[in-house]
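Listed after this line are the structures, all set down as structure tokens.
You will see subunit A twice below: alongside subunit B first, and alongside subunit C after that.
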Partner chain A sequence: MVRLSYPIAMEIAGNTAMWTRPDSGDCPVSYPAPTYSAVKAIFESVAWGPGVEIIPTKVELCAPIQYHSYCTNYGGPLRSTKSIKEGNNYQLYATVLIDVCYRLYAEVVPYKDKSRLPESAVQWDKKTTSPGHAYQSIFNRRLKRGQCYSIPTLGWKEFTPSYFGEFRDTTQVLSDALPIVIPSMLRRVFAKGYGSPVSYVYDNDLVIRNGVLEYPQRSENYAQ
Partner chain B sequence: MNSEIKRATGLMVIEVVNSNANGDPDRESDPRQRPNGIGEISPVSFKRKLRDLVGDHDSVFYQNLPEVYVKNSDHYCILESRGRDRKSIQSEMSKDIKNFEQKSFLESTFVKKYWDARIFGNTFLEEGANKGFIKTGVVQFGVGTSISPVNIIRHTNTNKAGVQEGKNAGMAPLAFRIVEHGVYCMPFFVNPNYAAKTGCTQEDIDLLKLLIPKAYDLNRSAIRPDVRIRHAWYIEHLNALGSCPDYLLLEALTPKRIGDVTIASKSWADYEDKTDLPEELKAKVSSATDLMLV
Partner chain C sequence: MLNELYSLSTAMKSKGISAKEWHREYKSLPKVTAKSPCIRIWLAQDGSICGLESISAELAQSLRKYGNNQGTFPAFNIAPLYRITEEEQLTELEQIEKGTIPLDLDKIKSWCVHDNWKGSIVKKVDRSLHTIPQTLSGLIGNQEQPEGRLISKLIQLASGFRNEPDKSFKSALEKCVFAKLQKQEDIGTLLTVLFHKGNPKKEHNDDTGSISVVLDLFDWQQYGYPVTSQHFTEWLNDMLLKSSSRSASQPSKDVERDAFGIPFINPDEPMPSVKLSGFEVTLRSMFNGQPCQYRYEQIDDGSYPIAMENRSLIKKSLEWAADLEREGITWRKIDKSEIVFAYPSKLLEISPKFVSIFGSGQAENSARAEARFENIAKDFIRTLRGLLPEETPKFIQIFTIRKLDKARSKVIFTRNCSPDQLIQAAEDWQAGCGNIPETELGKRETPFPLQVARIVNNVWKQNGELAQGQTAVERMKYYQGMELLLDPMQENMIGNYLHVTLTHSSGLVSYIGNWVHGGSSCKSKTEEKALEKLKNEAALLLDVLGLLLYKRGERKEKYMENMAYLVGQLLKISDELHTLYCKVVRGGDVPPQLAGSALFAAAGERPYQTIAQLSLRMNPYITWAKHYRFKNISTKDEESWRARWYLNLYEDAANKLLPAMTDSTRFNDFEKAQLFIGYLASFPRRGSSVTVADESDNDNNVGGANYEQ
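Right, the complex of A and B next:
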């Protein structure tokens, strides 16, 4: 029987994290757990496979949720025209998480729509008989060696991990934590995968129960 | 991919003595501190110091850099600077900002001119511009946190000459806020896989390595008189994907607090210093250098 999906998992920890709630506007506030697309990007920073799609399935919280105010001076392009003209900074107020640790889970499936892939990726894909299996093996190999295409981030690029890799024996899932309700969570911005236009998709009425957040399954992700 | 640049893992060990290494704008410039007492230095703050060192081409420091930087100072300008002219920067990016083409971007004045855009990436966003111009950088600094909690001391500044009409003396209550003593660790990473997208070169990375040791020494102020970079470890991997897990390198080079880790330290003697990588880790990497000793 041909398998259509291959499971992958990893652990990531760090001193600061930001999983931005889009409803928090220009003073961003973090969700307690990474979004679907953040988990996907963390896996992809270790290995990105042109012939596969990574579908996050769940995340386990392994450190208590702690919020922290993180304010920086901002001189970037999102300032008002007047501020830019006068050379003024403004303060970017963010509510981040500190001392986080998560276990991330995903399924790898063959990519459905290859029409948007660059030519080099199409050529790679043609040489692979089972892209999901190939990706899983490459991913696990890299994780064991601490290799990555780029350092995975905990939301913002400056929030670097203190650990990423295989599960550690010393890590404990917060299985006795009280439930946390997330009424609405941004799932993806580019909902149709690689190179697709902006299209926001939200998951509603999520609950982190016993330290576990399960991302709802959506049929459009899975290979037919 | 730029094959000249090697993947690297870095760690700065920063000792703060009676100084405010990084004020928090949200708390009247108190030294940054977490609810558990741990001190914090933002990457934004550290990168600003590097940018300031590169941006001042007339400084004694810049003029004493290797000839390649002094002779080609127009290749080492700073994008994130006050008073920049957005229209002219836009024209430096491309004649047609609605469309993005990687090859012509790499040949653009923008890429040739701005060191910080090549090395840290850019978020320069203009209305109607193609988002391809926004780039993730090659060098990534992480948040610096102290090993033990830090004690903050708050004093009032006094001024003999009055600053208000009719007064011959002045006071700024609690204006002098410093960390008594703390040792902070700030990681940084070099991701060579992004170099081909931002145009970052080995010369850009070499300049970064020259700047890091001077970042605090050449930026002293009344509130930041004594911030010492004890070590600036720079570890090159054997290949672009990495040849040793970063956390092993970072953990091996983090000083160990002697005594109770939950109590603020008083001096450098409260830590067991790490002066080299263990042999088994050295065997996994290409080189391990302390930039402070180069």
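Right, the complex of A and C next:
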């Protein structure tokens, strides 16, 4: 029997992380835990499966939440004309997380909408009887070897992980952590999948309980 | 900030609290003070200016102006008409204002030389008189009500001013000022409008001054209310809000629901801003003027879908929370550009002072006894524990906003914690600050979390003065004191704070220790006050050190037996013995630096070598004390039992130190903190080997047989 979903999991830790809260605008502040789309992208950076969809299910916090003020000087071409003329940098003020560690969980299901997939992906999909199972095996193999498609990041590109891989025995979930209420959390920016236009989707009234954030299940992710 | 405020808006909704909503571009007037008045300009039916008068602060507070940075209406800012910089003229002008010399109109006219209305001011006033009123008129439309006719008339009269010599607003204003000066009416207000007292060292363009003015119709009686009235202000606000809701009625095609789950109708306008105490914050901004702020090709409010209804609710809730009435309950200013907010998820009839637990305000500081952390925490805990289960809020939202520059503000600290957690944190805080033995520094006072940053950042010189450079030291931010209260701290963070505190405060501990141990008397009241202040600072410092040690799990019962603490005590004993010697042998001539105090800094770095050096230094005093203790002298401060007591303490400490200390012993920051505490802590009242009372004991071995030297 072909199963519809296959579980995958990994651990990621690092010195700095930024899960940007869109409601914080030009001075971004981080959510205490990675967003749904960030978790999805971390899994995809280890192995990107053309015919499958990764659906993050939950994240476990394994290090206390510590916020930190972070400032960068941007001197690139996307500054205001006045700043460029006067040779001024644009200072980006952010509130990031430091010393983070998470255990990420997801399910792998066959891709629902294959119309926008590139040709190579369609070919791969045709040859695979159970894309979810194939992806799970490939993912676990790569994770064990420390191999990745692109280096996973903790939100922003400059925040590279100090560790990513299988669960470590020394890591402990913060099961005694007090609840954290998140009234609105960004779920996805490109909600309609690969190659779709910007379409923000938010999850509401989430709570990180006993160090675990569970992403609400939405029917649109699963193949019918 | 929106996530933090959303829970408040929900709580307000469920409690039925509806705060007044103001249109996002209808903003309050600047605060009126004696130095910055708000002047009402009366316009006559013929378009001329027929009167000028200063309005009360109370009235100004109830008024608003519509517009943006480019211009506003019916109130706006102008510059005084002329600028004077000459010393003689300035002095004479002040005397005229005070009424000590009479007004000489010809002389005043002769001073009107340097036109103060530069190009930018003329343009801004022009926009405020023409462009903005036209926009306003377009928004509210033709209203048949008296208020509608009143504003239409005012807009019509304002638009009559032209940028031509005799028809300009400036010339009309000047004409009115001189006509009134002729009649010697309200000279102070008129001279404020006429002259800006300039600084000759500044460029004229950078030094034009500013006055807030508001236009009104002189013949307002036929319309019922003047423009400068609360009634009219509220009417205009209602009209503006109606116009906003009319313009935002098209549902968005791309986004069905907003970030909080309600149907999204794109209002297509920037997020509203709210005036807080001292600065204004925009609820959220991604400004299109900075291309690097684009995300996924989205900018401004397009980058975050939030429906009009939620914008309005969140704005109202911030305005409600930041209301002056709720200072100390839901908000508190912690710096000139930083405010802390705290509120429960369920609003209560009698709300505990949520933010007071973090720090006391200026008003409360004046009544120090009530403003102590202990009292506030007790009150707060009692109120929270007294709530019925159905009234108890699920969580308390705490966050801090800091204004970073003209346009941007940032949430720098955000937490939500349960009432139980907050109660526990407050109790732990008190226990942590009490994690030090008794001292001779006066009554103990627990510092507030927001006070900790100041204590940590203060850099003390060796002479007990604060080292105040041009830029304030900010190794610890104010909000980090709240982190210290609420969060279980990592050891490296505690170590960091401890390292900074010890580096900054070594001078204070050494100085105050030397003074207190030396028993110096103050020569004047000022010196006495300064000493009291220093003692208070040192006591607060010890509280912080105790707290940091407590956070690491080091309790006073345990660390008071540690080597570092004992080294501190040994230095204190040396100081006291040295002082006694000076009082008895040198007739009270105590040197400016005592034996222990001189080695305090070195003891933190190389304890073994310091103790060796101290032994050599103390040798003559110990020898003297061994003889003196038998003299049976009871003169005040020269009692011979003191010599015995100090010798016993010295021996006791030395006996404990010798086996533990080696040549390679070095203190880490946690041990240095114990050294600091040990140096300022009182002696144990009655130790097992201390025999203070038995003065007849003639055993010559006591205080001299073992390792005291």
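One rule holds in what follows: the second predicted complex is superposed on the first by the 218 of 224 C-alpha atoms of A that agree within 3 Å, B and C clash if a C-alpha of one lies under 4 Å from a C-alpha of the other, contacts with A are read in each partner's own complex, and residues count from 1 in each chain.
In the analysis below, a residue touches a chain if its C-beta (ideal position, glycine included) is under 8 Å from a C-beta of that chain, and two chains touch if they have at least 3 such contacts.
Please read all numbers here as calculations on a predicted model, not as lab measurements.
K.L.:
After lining up the shared chain so the two structures overlap, which partner does A:Gln172 touch, if you call subunit B first and subunit C second: first, second, both or neither?
P.N.:
Neither subunit B nor subunit C is touched by A:Gln172.
K.L.:
Touching A:Gln217, do we find subunit B (first), subunit C (second), both, or neither?
P.N.:
neither
K.L.:
Go through the superposed model and pick first if A:Pro64 touches only subunit B, second if only subunit C, both, or neither.
P.N.:
second
K.L.:
Once chain A of both complexes is superposed, is A:Ser196 in touch with subunit B (first), subunit C (second), both, or neither?
P.N.:
A:Ser196 contacts neither subunit B nor subunit C.
K.L.:
Is A:Cys148 contacted by the first partner subunit B, the second partner subunit C, both or neither?
P.N.:
Touch status of A:Cys148: first partner only.
K.L.:
Under the stated touch criterion, which partner chain does A:Ile180 make contact with: subunit B (first), subunit C (second), both, or neither?
P.N.:
It touches subunit C, and subunit B stays clear.
K.L.:
Give one of first, second, both or neither to describe whether A:Ser80 is in contact with subunit B, with subunit C, with both, or with none.
P.N.:
A:Ser80: touches subunit C, not subunit B.
K.L.:
In the overlay, answer first, second, both or neither for which of subunit B and subunit C A:Gln123 touches.
P.N.:
neither
K.L.:
Which of the two partners, first being subunit B and second being subunit C, lies in contact with A:Tyr93: first, second, both, or neither?
P.N.:
Both partners, subunit B and subunit C.
K.L.:
If I apply the document's touch criterion, which positions on subunit A are contacted by subunit B in one structure and by subunit C in the other?
P.N.:
Touching subunit B and subunit C on subunit A: residues 66, 69, 76, 78, 93.
K.L.:
Once bound in the complex, which stretches of subunit A touch subunit B?
P.N.:
14-16, 66, 68-73, 75-78, 84, 87, 91, 93, 98, 142, 145-151, 153, 157-165
K.L.:
If we count contacts the way the header does, which residues on subunit A are in touch with subunit C in the complex?
P.N.:
Going by the criterion above, the answer is residues 21-27, 29, 64, 66-67, 69, 74, 76, 78-80, 90, 92-93, 95, 99, 178-184, 186, 189, 197-200, 202, 204.
K.L.:
If you look only at subunit C, which of its residues touch subunit A in the complex?
P.N.:
1-3, 6-7, 10, 254-255, 257-261, 271, 282, 284-287, 289-298, 303-306, 345, 394-395, 404, 407-414, 416-418, 421, 477, 483, 487-488, 490, 493
K.L.:
Quick one: in the complex, what on subunit B touches subunit A?
P.N.:
Going by the criterion above, the answer is residues 24-26, 34-35, 42-45, 80, 82-83, 86, 123-126, 136-137, 140-143, 145, 187, 189, 191, 193-194, 241-248, 250.
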